[in-house]
Amino acid sequence: MSYNSDYIERIRRANPIVHNITNYVTVNDCANILLAIGASPIMADDEEEVEEIAGISKALVINIGTLNQRTMGSMVKAGKKANNSGIPVILDPVGCGASNMRTKMTLKLLEEVKISVMRGNASEIKSAFSIKGAKTNGVDASFSDSKDLEEICNVARDFALNIKGVVAVTGKEDVVSDGMETYVVKNGVESMAKITGTGCMLSSLTGGFIASNPVNAKTVSAAVATMGLAGELGYSKGMGTGSFRVSLMDMVSLMDDQVLKEGIKIERFKG
Amino acid sequence: MSYNSDYIERIRRANPIVHNITNYVTVNDCANILLAIGASPIMADDEEEVEEIAGISKALVINIGTLNQRTMGSMVKAGKKANNSGIPVILDPVGCGASNMRTKMTLKLLEEVKISVMRGNASEIKSAFSIKGAKTNGVDASFSDSKDLEEICNVARDFALNIKGVVAVTGKEDVVSDGMETYVVKNGVESMAKITGTGCMLSSLTGGFIASNPVNAKTVSAAVATMGLAGELGYSKGMGTGSFRVSLMDMVSLMDDQVLKEGIKIERFKG
Amino acid sequence: MSYNSDYIERIRRANPIVHNITNYVTVNDCANILLAIGASPIMADDEEEVEEIAGISKALVINIGTLNQRTMGSMVKAGKKANNSGIPVILDPVGCGASNMRTKMTLKLLEEVKISVMRGNASEIKSAFSIKGAKTNGVDASFSDSKDLEEICNVARDFALNIKGVVAVTGKEDVVSDGMETYVVKNGVESMAKITGTGCMLSSLTGGFIASNPVNAKTVSAAVATMGLAGELGYSKGMGTGSFRVSLMDMVSLMDDQVLKEGIKIERFKG
């Protein structure tokens, strides 16, 4: 697929504020990756202020990584405010399926907030889709455990149609669909799974991309490819995970559209 | 201005406990920078224990970066205890002006706790001063948006007189005033703004400095210069932000009074 | 002492889920060190979900570093669930003795949850043992402040017998006892104390070790030695603390049983 755009240049020119309600494990990395790509992160999660903060932002990232009672209401409030303001909402349903609380919260967010982009691993996305589908389309949690790429592409596409947004499923190969177009992104290295928060970082990074670019499968694919490519450029054989984490951040901060254009490995899925 | 002191040596000799009630985004960096300069960080924010912890500490740093209902009461309680114990309190009013909640909390802290040092960027400090001034002196939020150095020096001086403490306004050039003396510190590199938490780190670092040194504009200027100089020494052209963040911490840990003396760029402002 | 085992290989083969209820200062490092050793960290602390999460895990790490009202109940609930599921619980009583709240919580956990491993510094462990002992054996907080190695070995042994588990006391020399056998581990470098969270990281790392290996003094000693040895291998003279922190993580991720076997410095204490 040809790739020719100025996604990153547009972020750096606009320096958009991206509001994150996220977990306390990877929040520092999320803030730093947004700065690295040229956005302005704001982390604010108290119910009393999230609407105001969403109101001055260009995108909202909701990540349920350390979900707790204190911020559940904040997520819904901020999401609704974002919807009313016309800014996109990214949902990272961390651990959806691992606990009822997370599964229920994912469903609640999908029901009460218009989600522009869902970003998770195959297990989280399948779990989220099965509960969402079960409620709305009679589809139940009968996915096989197969990691089959074609199945993931179909889930991503159907889920995207269901939420009228973009769904990104990351794993060995990443799949991004907006229901109309489905892409497979093949950037990245396996060692990224050995650093906590590469998923969370990607969700926040995606917030930066869609804050300054059209919300569609191409933009989200560019975010996904940026993360993977930074991993490829930053990794060298025998590297420890501490150094790789530093190097990954370096490569995002040094990334530009030219480097991305040359390094992106993306194919259109014809399902 | 001549600079000749043993600020850092005094911290390393005393290894003072510095109590931080801070945000969950940059808290790890705040702890590490205090260790790097020779202090002992304690992060404790529950209302049930903050007075005890403040009671064994030599300085208290209050940072409202991820302010929430759970810790608002803790901040006031710890602040009052610090006042009663005679230890200095540093306030970093992160995001003051960005939400009513933060603005109100900043005002509450200024009214109920004797603040020894305020450290923020121009927007936060102006916002804090305008609300504080409005209550006490009839000054309202009529500052122009000018980033004019002279104006910032005047705000810092007036605010310092108002709170009978030290005010540090950081930005391209940093301004520190205790009402009597106002300094402009010209250390630092622009890329520091691309790492989350350099402001928070400086506030905690300042806690280390005033835990073991007199609370005045000179001491706070030394803290501000230490941070900026570490940035200068740690930065090299083309460096990614991941590496720069590591290197900044390195340079604080390797800093001593001799390096600071040779690298500090400080001028007295004659307003 | 001869050392010959496959502790690390077993972790990497099993990739066990380790549930952490921990503090927000060092949580990212705790997650990364578990990934580095080959385990799968989950950080989850809300009372509504901790039992479910503990139920899918192979070990539970409870760390009271930023203890607060919100998670006190979660710690007890998760601990009881872990006990019922037969998975080991590691307790890191950070700051036990520094505030009544932490001391009381440590006691509560020791009374309501079967703790398999306690890991703390001498001051924390003595404080915990004195209150525990006071309740159950009439021993009061009359330890001298002596850092005497023999005394620490005796405390570790007696405490281990008292809780019928393993007690690890880390400091210049580390002591690990399960009541029957007591080991002194002499790995590590002093600069590790200049990085926040090396203790917390060790507690989480220990969670990884006992998730896939027998719970006894030898296994915990292997975890303690792994951390210390990573410090030795990662440190070089004149290194700043930012770089050392990265390098420490590198060395854990590159560690294997052969390197550990060659580098471990361990002696049996004959008290």
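For the reader, a short list of remarks on this structure follows.
Labels for the chains are A, B and C, by order of writing; each one numbers its residues from 1.
Simple rule for what comes next: a residue touches a chain if its C-beta (ideal position, glycine included) is under 8 Å from a C-beta of that chain, and two chains touch if they have at least 3 such contacts.
In this text, all values refer to a predicted model and were calculated from it rather than measured experimentally.
Looking at which positions face the partner, subunit B and subunit C present mostly different ones, since fewer than half of the interface numbers are shared. It takes 120 degrees of rotation, in steps of 5, to superpose the Cα atoms of subunit A onto those of subunit B. In whole angstrom, the spacing between the mean C-alpha positions of subunit B and subunit C is 34.
For subunit B, residues touching at least two other chains, in rising order: 24, 28, 70, 245-246. Against subunit A, the residues of subunit C that register as touching in their complex are 24, 27-28, 31-32, 35-36, 41-49, 52-53, 56, 70, 245-254. Within the complex formed with subunit C, the subunit A residues making contact are 23-26, 28-29, 65-70, 95, 98-102, 193-197, 238-243, 245-246.
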